Amino acid sequence: MSGSTTSQFKENAVRQLADVDLRQALTKSKGHFTGGRQNAMDKLPEFDALRDQARDLKDHVLENLDFYLETYEQNVIASGGQVHWARTAKDAQDIVLDICRSVDATSVNKGKSMIGEECDINEALEANGIRAVETDLGEYIIQIRNERPSHIIAPAVHLTKAQVETSFRETHTHLDPDRILEEPPTLLEEARTVLRKKYFEAEVGITGANFLVAETGSSIIVTNEGNGDLSQLLPKVHIVLASIEKVVPTLEDASTFLRVLARSATGQDFSVYTTVSTGPRRSTDPDGPEQYHVILLDNGRTGMLGTEFHEMLRCIRCGACMNHCPVYQSVGGHAYGWVYPGPMGAVLSPSLLGVDEAGHLPNASTFCGRCEEVCPVRIPLPKLMRHWREREFERHLTPRAARTGIRLWAFFAQRPGLYQMATGLQMRLMGWMGRRKGRFSSVPLAKGWTKYRDLPAPEGKTFQQQWAGRK
Amino acid sequence: MANPRVALFVTCLVDLFRPSVGFATVKLLEDAGCAVEVPRQQTCCGQPAYNSGDKADTKAIARQVIEAFEGYDYTVAPSGSCAGMISKHYPALFADDPEWAERAQKLAERTHELVSFLTDVMGVEAVASQFDGAVTYHDSCSGLRELSIHDQPRRLLGSVEGLHLRELPDANVCCGFGGTFCVKYADISDRMVETKITQVIETGADTLLAGDLGCLMNMAGKLQREGAGIQVRHVAEVLAGMTDKPAIGEPSKD
Amino acid sequence: MTAGRDEILGAIRRSLGRSGPVDDSRAAELRARMAKPARNLIPARADLPPSEVIDLFRSQAEGVFATVDRVADMSEVPQVLTEYLKRENLPSQVVMAPDPSLDQAPWDNQPLLEIRRCLPVESDMVSVTSAPAAIAETGTLAMFSGADHPSTLNFLPETHVVVLPVNRIGKNYEDVWDLIRQRIADGEGDLNDLMPRTVNLITGPSRSGDIEQTLLLGAHGPRRLHIILVDSDDAA
């Protein structure tokens, strides 16, 4: 699954809205995430203060990003690892392929990595005859379905268990048709068995990173399943894919982010496995990878630094914004057409894909503000979406009809006398037309409204007219 | 301040569609001891342009509002969305224009949403009105998240004789209005308002209240399209005891 | 890929409005910040007298589906382990970390226990390790890779039993970082001025919610995490 269908957001959304399985799956997950986060917050009085500190720490890192990246690099090298810098997704693919070829790899295990998705690493590997196996249960499910993740931390949140069963039966040809597979525990059992074998076959393990620690040259991954650990411990080579803004100064700083990450994401106080990896195995270590590589990806991020989208680089990818977004919860992640859905995607995707491709996303928001309310690093997501709308308006990328409509309305709004005369006449006419029913079920110029709802009729005389009469 | 001079920012939707909310607002303000005036030079707060990325028009409209509303003790709007626009967004619009930034800031500090103004500024603790029925209340997003309006309407509604409040599950989740969003992304908006009214119906309340006419028209329009038989009103109408007019989108009785 | 490196660093500097690296005084400041890492805000949750820290650790660990036994000293550990394996219908073959701190337990008094002290293989069902540290704040165990503790023991077998002397239970993650820095400073093991290759912070058994958000234990790592708390780490 590669490429983007983000420019077709509207069409995607209509298709997704009609998907009854999706609706069922999203209804199930919604309360789980929002309630979980609330619960975790209620148990931690310092939660909001930690969010402030997390925000400030990221701002500090971004101000000194070059320094921390260089320090991080020095410390990776000092611990025996290698650092590769990738300007683009293609660079990242090439680096991964070079490393794989250097050890004659035929099979690669992957822990969940959104950077991997962003760079289409699996496609690059497969195109070069290297098998890529996703080991996170959710990622595995979508890999066998040839889909993209629909959520950055719960990749298969859009699926029902029945759909997962169907996919397993289609791909796991060894399965006895009589074997009962319909409940989640049996599905997990099947996936665990299949993936267990594959852990021992791979020459290379690829993981993402939640944080890179400059102080120690370490990468940190946070998981619940343990797949990321087996993926990095068993193969000969461990490759870490990380974007440049993942670096933090110290382990203490990482701890602050860890305290808000899982709580915001799943409502856990702490994820099951937080793993700090530093370099390759040491001479006396009985296990662990012999080689440790880190690929630092830019892919458009340096272009966001110092701009009105700078604050987006604070994102720690917890997914709270999409868990709380009523638009995401209506259309699901696939409507967004690429790797990053929901509010964070609505700001990030136009930066990485271009606003021509992803221009719909920042517009498809009511600015309800719930995303900003729950963001652990306090990214003002609605404000950043509005900045994208401003850029589109400046560049005349806003659809012509919408642009004309707004400009025409603004013309009247800036001329109160004319506005009041015109609206006064119009409301009296509409009030008169709607006086019997009190509402309209169809209005030619407001079809977007009346397609799904009635339009309340105005009372008749405007407030301004009546107020003038009262005086 | 015993009898502050209050400028009513009536909001474009109330002005055009539901003037009775404006008069309910005037009554509540006057009952609280305010001298209410309605500056003639007002149309809209500029949000449609602002949220469409049209910054130049937004600023022009904002300047007009600032000029019209300077010189009063307070500006009050029966809408968290419009009050939030003036009090939270106007100052940021003029970040690069110190003179207007200062004027915007001054207006911002004196601008309030109606219900929170009554409780938090005027110290109103109860209203003298009556409403027989079970109502439920939706928290409109801007009022809730930009202006922290949550307890205030509930407190005043609690003082209305005969009124029984049934809390709406997910009352803090957007109804799908979002200004031009509801027309530009009508299909998504429809799913959001459908989810909302399903929960409204499940409360068993016979009246739905909120503090923003945009959200109210959206939810009323959907409830009526579905034939739900639930009346929809602005919270000010109930607090002012001015519920003699038909509810939003309902025909006149005569 | 040095071209990529220079391009990225250059782009960062341009975007931040700098023509080159941070100036010397700033660099010194940032280096000092890393040389003596300050603690940020730490939740007060674990700010308790020692005995309550242990209780907090236990309740937090049990809250994330770990199971806990508590014994007076190492002499009781083998028997408690045998009983646990029996209770859970698990085999009595275990693969144990070659960790000297586990040597203090009288394993020989449980003749049914078959102990191998090496790397785990696919067929191993139960691993036994110690943990050099634990964190009361969230019921978290800390494991450091090294000659005496292969990291795969923490993940491969379906059941992971951890012998934890209670005096190793700290309050917060920061206590673990300090412990590691102390070990590095002491020149312990094979650290050579470096972090252990793998530091695993483990909070409960492996889990997944990827199918309809149903909580399932044992996704890839252990299904069971059993902690034997030891009040005194001297052999009786």
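Each chain carries a letter (A, B and C) given by its place in the written order, and its residues are counted from 1.
We take it that a residue touches a chain if its C-beta (ideal position, glycine included) is under 8 Å from a C-beta of that chain, and two chains touch if they have at least 3 such contacts.
Source: prediction; values computed, not measured.
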Measuring between mean CA coordinates, which chain is farthest from chain C? B
Could you name the chain whose Cα mean is nearest to the mean of all protein Cα atoms here? A
Chain A and chain B, separation of their C-alpha mean positions in angstrom: 33
Report the inter-chain centroid distance for chain B and chain C in whole angstrom, where each centroid is the mean of the CA atoms. 54
Taking each chain's centre as the mean of its CA atoms, chain A sits from chain C at a distance in Å of 30
Chain C partner contacts - residues on chain A that touch it in the complex: 25, 28-29, 32-33, 44-46, 49-50, 53, 57, 63-71, 78-79, 84-87, 91, 95, 135-138, 141, 154-157, 159-161, 164, 184-185, 187-188, 192, 195-196, 200, 214-216, 218, 224-227, 229-230, 233-234, 244, 249-253, 255-256, 258-259, 266, 268-288, 296, 298, 302-307
Residue ranges of chain A in contact with chain B within the complex: 10, 13-14, 17, 326-327, 330-331, 363-370, 372-373, 386, 388-394, 398, 402-403, 406-407, 409-410, 412-414, 416, 419-420, 423, 427, 435-439, 441, 446, 448-449, 451-459, 461-464, 466-467
Of all residues in chain B, those that touch chain A in their complex: 10, 12, 14-20, 22-23, 38, 40-44, 46, 48-55, 57, 60-61, 64, 141-142, 145-146, 172-174, 176-193, 195, 217-218, 220-222, 224-225, 245-246, 248-252
Chain A-touching residues of chain C, taken from the complex the two chains share: 1-2, 4-5, 7-9, 11-13, 15-17, 21-22, 26-27, 30-31, 33-34, 37-41, 43-45, 60, 64, 118-119, 122, 137-138, 140, 145-147, 150-152, 154-156, 172-174, 177, 189-190, 192-214, 216, 218-222
